[in-house]
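Multiple structures are listed underneath, in structure tokens.
Look for chain A in each of the two complexes below; its partner is chain B in the first and chain C in the second.
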Partner chain A sequence: MMYILEKKKLNKILSTWAQEHEVFVPQKVEEYSQFLPYTEDSELALKSPHNTRYPPKALFLPQSEVMLKFNNRTQKYEEVNTTPKSRLVFGVRPCDAKAFRLLDTVFDAEDYADPYWKAKRDATILIGIGCEVPPSTCFCTTVGGGPFNQDGLDAILTELEGSYLVQILTEKAETLFASLSPATIEQEKQVEAIQTKAHDSMSPAFETDGLKQKLDQIFESSYWDKISESCLGCGICTFLCPTCFCFDIVDEVQRKERVRNWDTCMFRIYSQEASGHNPRPTRRERTRQRLMHKYSYWLDHIDEIGCTGCGRCVRYCPVGLDIRAMLRTANTHESEAVHA
Partner chain B sequence: MSELIAKLKSEIKRLFDEDVVDVVIAFKKADSPLRPQPAFYRKGDSLEDLEYNSLCQNNLANYLTRYPHETRIGIVVRGCESRSVNALVVEKQHPRENLFKIGIPCQGIVDLRKIVKQTGEDVSGYKEDQEKISVVFKNKEYQFDRKDVLHDSCLRCVHPNPVNPDVLLGDPLPEGDPGVLRQAVESFEALTKQERYTWFQQEAERCIRCYACREACPMCYCTECFVDHNPPRWTESTISPAGTQAWHIIRAFHQTGRCTSCGACERACPMDIKMTYLTDKLNEDMLNQYDFAPGMDDTTQPPFASFNLDDKNRFVA
Partner chain C sequence: MHNNGHNPYKPTPMHIVRAYYESNDRSLKTLELVFDHQADRDEFFEAYNPGQFCQLSIFGKGEAPFGVASAAWEGDFVRFTIQKMGSFTQYAHQLQAGDAIGMRGPLGNGFPLEDWKGKNLVIIGGGCAFSTLYALTKHVHHPQNRPDFDQLVVIYGARTSGLCMYKHDIQSWYQRDDMEIHQAIDVPEEDWSHHVGYVPDVVKNVAPSPENAVAVVCGPPIMTKYTLPVLVELGFAPDTIFTSLEKRMKCGIGKCGRCNIGSKYICKDGPVFSLAELQELPDDI
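On to the complex of A and B.
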């Protein structure tokens, strides 16, 4: 089913939803954007050619999440109820929605489901918005996605003049838009053209065929020295990445809480062992881990690339390192003798 | 710019030909003309992709501490970078005799965020001269006055010329106005105590603890930063007001008399957090109370790092 949502009615519909759900929308903070709870004063940041800078994965895997509290009086741990009331996230980009589906294979796997992740995922409806003019830093189509990819979404919007066309994708979203008027055949055709044009405007950023095999082959190669040479070793690429999910569980003893925090393989202490030994002692091994995880280990696990081409690591790397260029270099790197 | 790049190439070539250095740290062109990257050239490497313009965002002195002391390093330095190199030499992070500083008087680093705010994202072409910066967005050229699009730190720069370079390429520029340097500090000081705290909170508490500020800073070279220490843990790693505030305060304090106001921390920050108002204030105190400015030579210890039996403050004795 397809509906037409007039832009001038957007705030009204969001307010209506907000009565029943906790609604999150992309909003401007300083010069960046982030998903924040919707209020009547919210200034929606839907115009950006790409996703929010701060990733919406934080809505399901918060950067810091209290898992348990310790009660001094009873000398017992107390569970923390992290089940939110019904949530609706409006304005998710397809790359981020796909990432949620990928992360479900980690946090909601057959043999183990993470209750913190699952409770929030189950309670959330995802309304996406496609990217009409994908910027040059994005590369979703290269990694199997697309600017109007429906993967992981409950509904997706396409911007038209003065309105959005809403495509309902799952039952979850069905009733939300029922009060709107249906789209005309003409509008549906118009949207199809917009989506195709957006998709076709993105040329392949690198060759993915055989890339995993290539990376596996050059694991010990000098290639990694070269590409990691300018890396600062900060956590921007991984923290902003929609599919990076590493965490570190710490006991914040002063506040008597056990907390799960984002962690990153780009930090030295990530792999530092208690003995003092560090199996990933330099940026070479850490950079390798980041790329190998996304473009080799994910394929081992679920036969999918663990990158959705969202472009954040490309846009915000302080030294301008571009994962696409790194992978192009990998593809053309001559295999060589084992690295000393 | 192309004339300067040609000079730079021939100087680097000379350094390798005459066996003066083992590696040269400079900038190179990347796929996007807007994002030149730090580059590391060795003898025999092609210098074809060497780049230098006002989009070179990073403080190259940051990479000095990655090399063994025996490595003879050539490094392209602008004003702030030359002072960072000096400060590192003072702290014995690399011997002066194994450094060759290729100095370039700096007209300031362009802040792409300021440009994008006015054009829109996905800027493509880029051109610059002394006065004007121009970019192409959606096939249209946009022109800006250089001073309108420079990084805040660069607008406040007092010493654009490299300090004691081994060679200077380009003509020296007039020194900056110390009064301008005060502006950020002044506007912060003008606030009431409560307002100052609110401002600090708003900035610090956006922090996602990616430590890009630390990693982009040449003076943050500790093998183990205090936030990474365990056990004991000196600060919470949880994203809490206490943890992020502690990080921002202690980071700034560790820079006292060491920060060369290059602004690399703010340029790297993915959350647009202001930090230099703290370090600039600390630097001002160092200047007023100890007559010391970091990196102005490569021998004077910063006051908080010097131990002297003749110290006029005999509080220890």
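On to the complex of A and C.
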């Protein structure tokens, strides 16, 4: 089913939803945008091409999250309430929505389910918005996605003049738009053209065929020294990455809370062992871990690339390192004889 | 093991029943833990397999992973031997009988005992990594389990005699007619009548037969690194040599990311791997 949501009615419909759900929408923060709770004064930042700087994964895996509250004297603890009230995230980009689905394979795995992640996922409706003019740093089509990819979303919007066309994708979103008028055949055709044009505007950023095998092959080569040379090890590529999920667990003694915080394989201490041994002592091994995880290990796990091509790591790297260039170099890197 | 909707980050409440030093330099301390709730006890022993580990949890200090050093039949307790290394283990060493502590586990795969049935076991350990091998040996010793395996050879090395763990019990192994025990220390000491030398050399001298045998090696990385080739030279095939790996860990259930080698997580795909499996993984240890 497809509906037309007039832009002038957007605030009204968001307010209506806000009565039943906690609604998050991208809003202007400094020169960027970020998902924040909707209020009637919210300054929405939905205009393509701008994705939020801060990834919406934080709505499910917060940068810092209390897991348990404890008393260190008695060693007793209490659980915290993991189930939020019903939530609706409006304006999610397809790259970020796909990332949620990828992360479900980690946090809602068959062996162990993560209750903190799962409770928030189960309580959340995701309304996406496609990218009519994908910016130059985006490469979703290279990694199996697209600017109007529906993967992981409950509904997706396409911007038209003065309105949005809404495609309903799951039952969860069905009643939300029921008061709107249906789209006309012309509008549907127009949207199809917009989506195709956006998709076709993105040329392949690098070759993915055989890339995993190539990376596996050059695991011990000098390639990693070269591509990690200018890395500062700041970790921003991983913190802003929608598919990076590593976390640390620490006890905050003053607050009496066991907390998990985002962590990053780009930090030396991340894999530092108590004995002093570190399997990833330099930027070379740490950069290798980041790229191998996304472009080799994810494929071993679920046969999909663990990168959705959002381009945040490219856009926000302080020294301008570009994962696309790194992977193009990998493809052309001559395998070296590293063993006698 | 599936968490069936339980929160897998919740530590099971336990108490320490016995705490004693294992080494004369007081760097190794053994803690024996009992469950506060019968249901937790039942659940643990239902799942536990030698070679598995647990996350010990001390609120205010955090968590750290330790291999289980006891067999299920030994009693209603879970034993850990802890080397004093950082702030968590420093604090754990101060704990005494009666103190509360939390535990998450058992975690990881443990030794593939089903596959080893009917085989000769060659158990090779060095330093405090011998703890899970001690659990394995104790498991095999039980009259109900002993017929499942053929010959049993244990080689255990420590830097000095003072660092040898589980002394009194291991002393009694020399009297057993169903096993061989070889203990070694690095340099000669007065009153030491066993092997002197590094574990790889002792393995070379003892030369256990690879015939219908599996070998398990746990020790410091340097010991493991030099022992594996000795076993290969003795004729052990890569899929009959096993080792247990360690890495920095947080969650213990394959979520937090850091303990991977290639696409395997030490915490949930390991910690026990065969040499054949390790040869498939990138060199990221």
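Note that the second predicted complex is superposed on the first by the 331 of 340 C-alpha atoms of A that agree within 3 Å, B and C clash if a C-alpha of one lies under 4 Å from a C-alpha of the other, contacts with A are read in each partner's own complex, and residues count from 1 in each chain.
Going forward, a contact is a pair of C-beta atoms (placed from the backbone, for glycine too) under 8 Å apart; a residue touches a chain by one contact, two chains touch by 3 or more.
Computed from a predicted structure; not experimentally measured.
Participant: After aligning the two structures on chain A, examine chain B and chain C and state clash or fit.
Facilitator: After superposition on chain A, which the two structures share, chain B sits beside chain C with no clash.
Participant: Once both structures sit on top of one another, what is the angle chain B-chain A-chain C taken between CA centres, to the nearest 10 degrees?
Facilitator: So the angle at the centre of chain A is 90 degrees.
Participant: Kindly classify A:P279 by the partners it touches after superposition: chain B alone (first), chain C alone (second), both, or neither?
Facilitator: second
Participant: Of the two partner chains, chain B (first) and chain C (second), which one does A:S64 touch, if any: first, second, both, or neither?
Facilitator: A:S64: touches chain B, not chain C.
Participant: Have a look at where A:V106 lands relative to chain B and chain C in the superposition and call it first, second, both or neither.
Facilitator: Only chain C is touched by A:V106; chain B is not.
Participant: Where does A:I129 make contact in the superposed view: on chain B (first), on chain C (second), on both, or on neither?
Facilitator: neither
Participant: Is A:V250 touching anything from chain B or chain C once the two structures are fitted on A? First, second, both or neither.
Facilitator: After superposing on A, A:V250 lies in contact with both chain B and chain C.
Participant: Contact-wise, after the overlay, does A:L232 reach chain B, chain C, both or neither (first, second, both, neither)?
Facilitator: Only chain B is touched by A:L232; chain C is not.
Participant: With the two structures placed on a shared chain A, what shortest C-alpha distance in Å links chain B and chain C?
Facilitator: Between chain B and chain C, the shortest C-alpha distance works out to 6 Å.
Participant: Kindly list the residues of chain A that each of chain B and chain C touches, one partner per complex.
Facilitator: Dual-contact residues (chain A): 248, 250.
Participant: Under the definition above, what is the set of chain C residues touching chain A in their complex?
Facilitator: On the chain C side, the touching residues are 1-3, 5, 7-11, 13, 58-64, 85-86, 89, 100-102, 221, 246-248, 250-251, 253-258, 260-263, 268, 282-285.
Participant: Give the list of chain A residues in touch with chain B in this complex.
Facilitator: Within the complex, chain A contacts chain B at residues 29-32, 48-50, 53-54, 63-64, 135-137, 229-230, 232-236, 239-240, 248, 250, 252, 254-255, 257, 259, 261-262, 264, 267-269, 316, 318-322, 324-325.
Participant: Note which residues of chain A are touching chain C in the complex, please.
Facilitator: Touch list, chain A to chain C: 67-68, 70-72, 74-77, 79, 82, 106-107, 109-115, 216, 219-220, 245-251, 253, 256, 258, 260, 263, 265, 270-275, 277, 279-280, 285, 289, 292-293, 296-297, 300-301.
Participant: Once bound in the complex, which stretches of chain B touch chain A?
Facilitator: Result: residues 30-32, 35-40, 57-58, 62-63, 113, 117, 120-122, 124, 206, 208-212, 214-216, 228, 230, 233, 236-240, 267-268, 270-272 of chain B touch chain A.
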